[in-house]
Amino acid sequence: MSSHRGADPRTAAALRFARRAASGPRAPLPRALNEECGVFGLIGNDGPAASRVAMGLHALQHRGQEAAGICTFDGEQFYAERNLGLVIPHFTQAHVLEQLEGQAGIGHTRYSTTGAPNRRNVQPFYADLDIGGVALAHNGNLTNARVLRQRLIQQGRIFHTTSDSELFLKLIAQSRAPQITDRVREALGVVEGAYGLLVLSQDCLIGVRDPVGIRPLVLGRLNGAPVLASETCAFDLIGAEFERDIEPGEMVICSADGTVKSVRIFPAPAHPRPCIFELIYFARPNSFIDGQSVYALRKRLGQRLAMESPVEADLVAPIPDSGIAAAIGYAAQARLDYDMALIRGHYAGRTFIEPTQEMRELGVARKLSANKGVVDGKRITLIDDSLVRGTTSKKITAMLREAGAREVHFRIACPPIVWPDYYGIDTPDRDELMAATHTIDQMRDAIGADSLAFLSLDGIYDALDKGPRGEAPAFTDHCFTGDYPTSLADQDSGADCRPSGTLSYLKERTA
Amino acid sequence: MSSHRGADPRTAAALRFARRAASGPRAPLPRALNEECGVFGLIGNDGPAASRVAMGLHALQHRGQEAAGICTFDGEQFYAERNLGLVIPHFTQAHVLEQLEGQAGIGHTRYSTTGAPNRRNVQPFYADLDIGGVALAHNGNLTNARVLRQRLIQQGRIFHTTSDSELFLKLIAQSRAPQITDRVREALGVVEGAYGLLVLSQDCLIGVRDPVGIRPLVLGRLNGAPVLASETCAFDLIGAEFERDIEPGEMVICSADGTVKSVRIFPAPAHPRPCIFELIYFARPNSFIDGQSVYALRKRLGQRLAMESPVEADLVAPIPDSGIAAAIGYAAQARLDYDMALIRGHYAGRTFIEPTQEMRELGVARKLSANKGVVDGKRITLIDDSLVRGTTSKKITAMLREAGAREVHFRIACPPIVWPDYYGIDTPDRDELMAATHTIDQMRDAIGADSLAFLSLDGIYDALDKGPRGEAPAFTDHCFTGDYPTSLADQDSGADCRPSGTLSYLKERTA
Amino acid sequence: MSSHRGADPRTAAALRFARRAASGPRAPLPRALNEECGVFGLIGNDGPAASRVAMGLHALQHRGQEAAGICTFDGEQFYAERNLGLVIPHFTQAHVLEQLEGQAGIGHTRYSTTGAPNRRNVQPFYADLDIGGVALAHNGNLTNARVLRQRLIQQGRIFHTTSDSELFLKLIAQSRAPQITDRVREALGVVEGAYGLLVLSQDCLIGVRDPVGIRPLVLGRLNGAPVLASETCAFDLIGAEFERDIEPGEMVICSADGTVKSVRIFPAPAHPRPCIFELIYFARPNSFIDGQSVYALRKRLGQRLAMESPVEADLVAPIPDSGIAAAIGYAAQARLDYDMALIRGHYAGRTFIEPTQEMRELGVARKLSANKGVVDGKRITLIDDSLVRGTTSKKITAMLREAGAREVHFRIACPPIVWPDYYGIDTPDRDELMAATHTIDQMRDAIGADSLAFLSLDGIYDALDKGPRGEAPAFTDHCFTGDYPTSLADQDSGADCRPSGTLSYLKERTA
Amino acid sequence: MSSHRGADPRTAAALRFARRAASGPRAPLPRALNEECGVFGLIGNDGPAASRVAMGLHALQHRGQEAAGICTFDGEQFYAERNLGLVIPHFTQAHVLEQLEGQAGIGHTRYSTTGAPNRRNVQPFYADLDIGGVALAHNGNLTNARVLRQRLIQQGRIFHTTSDSELFLKLIAQSRAPQITDRVREALGVVEGAYGLLVLSQDCLIGVRDPVGIRPLVLGRLNGAPVLASETCAFDLIGAEFERDIEPGEMVICSADGTVKSVRIFPAPAHPRPCIFELIYFARPNSFIDGQSVYALRKRLGQRLAMESPVEADLVAPIPDSGIAAAIGYAAQARLDYDMALIRGHYAGRTFIEPTQEMRELGVARKLSANKGVVDGKRITLIDDSLVRGTTSKKITAMLREAGAREVHFRIACPPIVWPDYYGIDTPDRDELMAATHTIDQMRDAIGADSLAFLSLDGIYDALDKGPRGEAPAFTDHCFTGDYPTSLADQDSGADCRPSGTLSYLKERTA
């Protein structure tokens, strides 16, 4: 695995982007391959695994709302249930849980991409192998999935999903090693990219984290039984205790008797680079990453932002709920009042049903309302955790001005996002990233704000006590820098499985 | 209409309660009669009414999540759609909206009581009368509904719902007056209780507020067209401008040409008494009541609470989202840090599906998580807007201690709730109201907090600039005082429609 | 109740038709008022009533496939379930049956009219009255329903369905008689038309048949418990024994102790006139009417038809399944081979989903296929029980010729249908009745048959041993003769509930 | 491929059965592998293929009611829709058909086995291969499916269904031949058993019939475009003309230009042996097999049965509808009256919902009723096409006696069924085949009939003009004789994919 850092990482990424842009109009990259997800598993539990997996998945619901699935094993047989929709209420129904027998189980919750969701892509994936049944749940994205897929299809293999995660299953099945652990190791030798991966076999529950440590995976204990999850918040809900982060490149093999064996699949990296977006954006505020409270880290980003980009104002307000921690930090540092300029509604859930034009235009107003009683006549510093397309920010600014705001100052608790992600975050195409095509002044004008500032790259490393960024940055931060920590085989090869640029010749309805 | 204030209101209420308790085991009062709801209507719109009614109902979704309905009129014909579930996504589907033709319409969103929801009870209600079609949506509750129902059944009338709102329709149908407005007036002369009522006829859109002004109703304009809603937040979403509150006892008759005629159905009360719970609890923070920002009022309650019941602590935290405004006010007044001790999840929505025992016990943890990074080792003052049963408070205290909190001090931004409501708020039975059966010390111990304090009754009136409470209180505050502003015929008569104490001899499944 | 026989019944009917035709384009009569249905009830059963009512309704499924409902009574409480769709599988589910408690119950199965079915119209209807709960199921149609409806609306009553059957409920509720039996009697004194009516109160199960005896109703016993049904075939399925037909104008009052009290609501008619279409068309072949096997009667119609209209042919074939009995009778009488020229499929069920044009054109071919192996080179006499629009006959003739038939001779085992029904049979408008607008020669040509003949009116009376027809015909036969046995108030008055000619100002979706 | 005829075929089969029986209690063979199905395909159509495939599948609905699927190709892209339930109404909806673009398509209708149906097993199956997309529909069953499946799993392949048909897809994908036709040929060289197989590639529509000709496949033309179907009745419905039967072991390659190329995959068998059960039992009466009308053949079986086993009786009656043709033949030969002793209902459709005990006991009575008017006092000869478990026959006999039948004589138009099928017919286990465990006298007594007779084996060959049976029988008739025309590798090897005898370690809910 070669990194993509070179003379100037921005240059390499820019070239890649230019190459793609030059190749003319082509079908959009299928979003189904680019998802953020959550995984959860346990073994050796002193009761049915299913309800605890369900609770763990519920705690990880923020990592994916399109679909969820659970697969359990009772020592003889595997049991599976996969469903489009949220974990609750489907996976809290007694008749669903009862048929998921056994005291070991894994689960997966899946990101909601645009377009119709597809039943086939719902994880965990399962296969009957000669060495027994194997179930698998994957958070992350592979960067050579298409190259591998194309190669396997040329070898006569059939894919049943459009998910890159199916590759793990294919490679594990194909391995001739007698042990599941060796098969997983062989498979991981071939793939590149990001993963927090759970594999449930009839012998053990395996957890692996990619060699760079891009995606997270944590180990806990529930009355002694090993538990694995994408985030620690899942432990809190089921009453498990956090033990430690799985290391980049580490495989843990958990048994029903409670033993956890650690194996190094890849040599320990000189400097692990977890994805900085987990800290900034994805993780639940009450999760801990690398021993640090996510909420506390975000507050520190807000404090640093106040130091870097102060502004005279009457109050500091968050975009709820994403900007709350940073806004509290900013307000404290700036010694300004913290208040709610925007009120969040609780009934604005995603919908796949095509609404009328009028409804679509509602946009953010379905979810956020200006709090006129606070806003009227005031100069407001508005804090958010990030700025992607800028469309929401524009609508919010207009809403606040409509409600009487005298000034609206936007402060963003991370640097400008200028490069797409290929590791499991569903970023828009580059030309939809506002910061990739606008200067900061242009962005401020487009949004209609009185001022706009981003946290600096050095500032973020400093605030997290990992600064300066330097030669060996402590995070994967390509969205700000274009410095991708792995090769990007699919991007470089332009690999597709068929000429038209989509993954399959088949269109199937899945209502 | 006689008020229930007397020598000592608490005595009268206590007697009533004692009488009920003494009458031995009886079927619980059907909750379906006791609901908080939201209403919305407009006429003379310059486009289809349905999508705007849907948006208005969405903005009022916090007032009822069980069901919603819309009825429109196109000058010839009425169109209706009623649905169990939230407004979005059902009422944002093009094929649903398209068949609701016409530029006038009313809508209703209904509170989610426990037990299976019933299709028949979903409003608006509709009837073909000799004077044409009439549709009706009602927020509130009548206090002589059962007495009237019993009387009408004895006269040979058939009820199709178990909702008290059907009485309006029956009384309007029965009136022999030639004008719908006179029929509505006649009907209102017979009923007692609380209402914000919308009636759509082929001539006009009528809005009425009960003579005491218990339930709210506001008038706005959308490009000149009259709009009526339970709360101003519905105007914001559709871009309408707030004009004024409907007065207690006032009827407004809105026409398609934009005229709004005001008629006094009841003499203006010497002192209107809107329900204090709208301010404290129900209304969206961004709504305005009587010209005041609800959010700002709640902040003032928090400030007053800090003055009345200070406590040494490291931080002030809200129960999100209900306690946020008061907590911000309290922290500012107390000069303490405001921070998030609890993180709210966004996927914990109500479910009518019966879960497993383990899932049920999750309770509040499905929705709130302790924020260990903030809480650990700290003394916390926790603010909420009210305390009803105390079960959630107990779980939260335990969660915070588990996360390392050194002290937990509960501060409630209203007085103890000791009497049930009969005007449309679904309060539990008296013996489930914690404050009705415990002293404050007992409550503190039951919750497990280090201290507990409530805002005083005088404090609340003071904070709202309506103090002192005195002889002519500015609010309906019976839940704190037992001082009910109307007669309670149903309660006093023990009126039921059948011996067993339930409303109907029929049980009907409505899956 | 005055009959509509006069100098020449055809003249009266023709005048009425002409009047309607002359009144210009108007909304079609709402079909929802014109349905054939099935009813079933029992009381004093030695086990749960619900599953037996469900079986009885299943046996009556041919009388209505749109919807079904059951209402039971357990001595304290009524229980109801109403559902769009067939009886099986909905009413065979344990969880549905279990909640329909009690040993007395009635059920209703409803005819499938075109257009979207409506939940509100599904019977049994139920009301809480001052004398307790009352449930009601009605087979038939009232001829003064609109006149009565209009009158009641003018008196301030509200209708919740567009079904004429709701009138029974309204009239029973309105009666001030203390006994349910007297209330039913009062109600029946006001309505005109056809009914087999079941009423379940907390005291008894009542069955009544209209004074002319147009619609059927039979009494049976299940282990001593009284059972009432539209047809005897329902008794066979549950193992009940047939006791007798309810007489025209008779009310039977069945009690839980097994007693059946007979009361004459109307004087016994000089000559009862059951609807001849029950014999010819509606009843299941294995039912008995007036002591006669329906199948055997239809065979006799076929025999008579062979005598009246012989034709040289190679074989006699039925339109399956409606023409089978008559074809077997015809073949035996004509001493010709009986064979299957058409094969009926079993998967052609009605669908409310709008298909593509191509699918719609399939028409009868979805259900019937030419049996080339039998047909090829043959002269075929094709027998059916009736001919309404002629469109199916035309397609069948073409199919048979396509399959090689040398000659196709149509023989219809009843006279030409030239007048619409107003008693519960959903006949098309007169201008869609082929025989009303064509001579027999024209019909033969339109169908494309080599010959066409109908059974004569005298022939049908003769064959049924009730001939000649004479002054006091033994059947209601207006569809052939225009001789309606009751007044037709709605038709004569042109009564509607609103100017546009539909029943309600409301359009409501019922998906 | 070796046949299983030897010294005494019954001996070999008996040994096999004994071996299985001796191996002790084991999980039942999964029925999902043993299904009768229907296939339909066309290419070069002058309009959208989908609606015609849907019509073709509807005509084949009798071959499978659990699920149906269609896959089309528009020259660029494949489109699929697979659905649990009948063809109509799902596949007649415009929005379903419209998204199945293209003028070539194949479809599959699937047999309804007991237990929960599984979405994954619904055909057509599809795969993206290196040579493009391939869709596949299979009628029949492989006899070495498990052996092959086990082998492929050992080679690291993953199966996604429990259907043997998936093997075709795997083998085609695995072949390295450049042409789809060669790949299909390679695949067919490995499998053994019965198939009518359709393969749709981007180049052509391929049809193949197994080398023995067990399962049927016919070729037709629709305005010149080639059409393939399991039975000719599908041609009649869409207006296509029958061209010829596909020969055993023949592959036809149909192109969009209308050419049909024939290739011999296997040498023409000395004597093809189509499954006799297609004639006797499965095929629609209006289909033609090998140029013969199925209906006419069944009539001849009835005639022969009358010659072999006459009985004095008052009438001859069929079990409707399966026995109709044979009964008409029997009656004509015996010069007895043909009449309907049983009436078939039209609303008794299969249900997967678990009913109450009482409902389950209804059994055949849900579907058939005794026709008392015909039966009472009569001696009845009852004709059916086959007798499997005998439970229905027993209930029918009881029903007829209850209705007054004096004598009931059962005559079965085929020999006793004593051996299970392995070629796609879902026969029960041998110990549930009544004739395998009872003498004819014992069967008669168990059924409660006055007499019972089966058509002789010689009789059936004679009646079909293929007699005597001799050394080279014209049909596959193992159910009567134990003479299986292929090897039975799965049965002989006891091959399973896992020790517990089921196909997969996974249980998955498929609600």
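Going in written order, the chains are labelled A, B, C and D, and every chain counts its residues from 1.
Keep in mind that, in the parts below, a residue touches a chain if its C-beta (ideal position, glycine included) is under 8 Å from a C-beta of that chain, and two chains touch if they have at least 3 such contacts.
Chain by chain, the UniProt names read as follows: A, B, C, D = Amidophosphoribosyltransferase.
If you're wondering where the values come from, they're calculated on a predicted model, not measured in any experiment.
Common neighbours of chain A and chain D under the contact definition above are absent.
Between chain A and chain C the centroid-to-centroid distance comes to 63 Å (mean Cα coordinates, whole Å). Centroids of chain A and chain B (each the mean of its C-alpha atoms) stand 39 Å apart. In chain D, no residue touches at least two other chains.
Taken as a graph of touching chains, this assembly forms a single closed ring in which every chain touches exactly two others.
All chain pairs that touch, listed by label, are A-B, A-D, B-C, C-D. Looking at the complex, you find that chain A touches chain B at residues 51, 54-55, 58-59, 61-62, 65, 86-89, 92-94, 97, 233, 236-237, 284-286, 288, 292-296, 321, 324-325, 328, 332, 337-340, 343-349, 351-356, 358-359, 362, 365-366, 369-374. Of all the residues in chain C, the ones that touch chain B in their complex are 76-82, 96, 99, 119, 126-130, 132-133, 153-154, 156-160, 169-170, 173-176, 202, 497-498, 500, 503-509.
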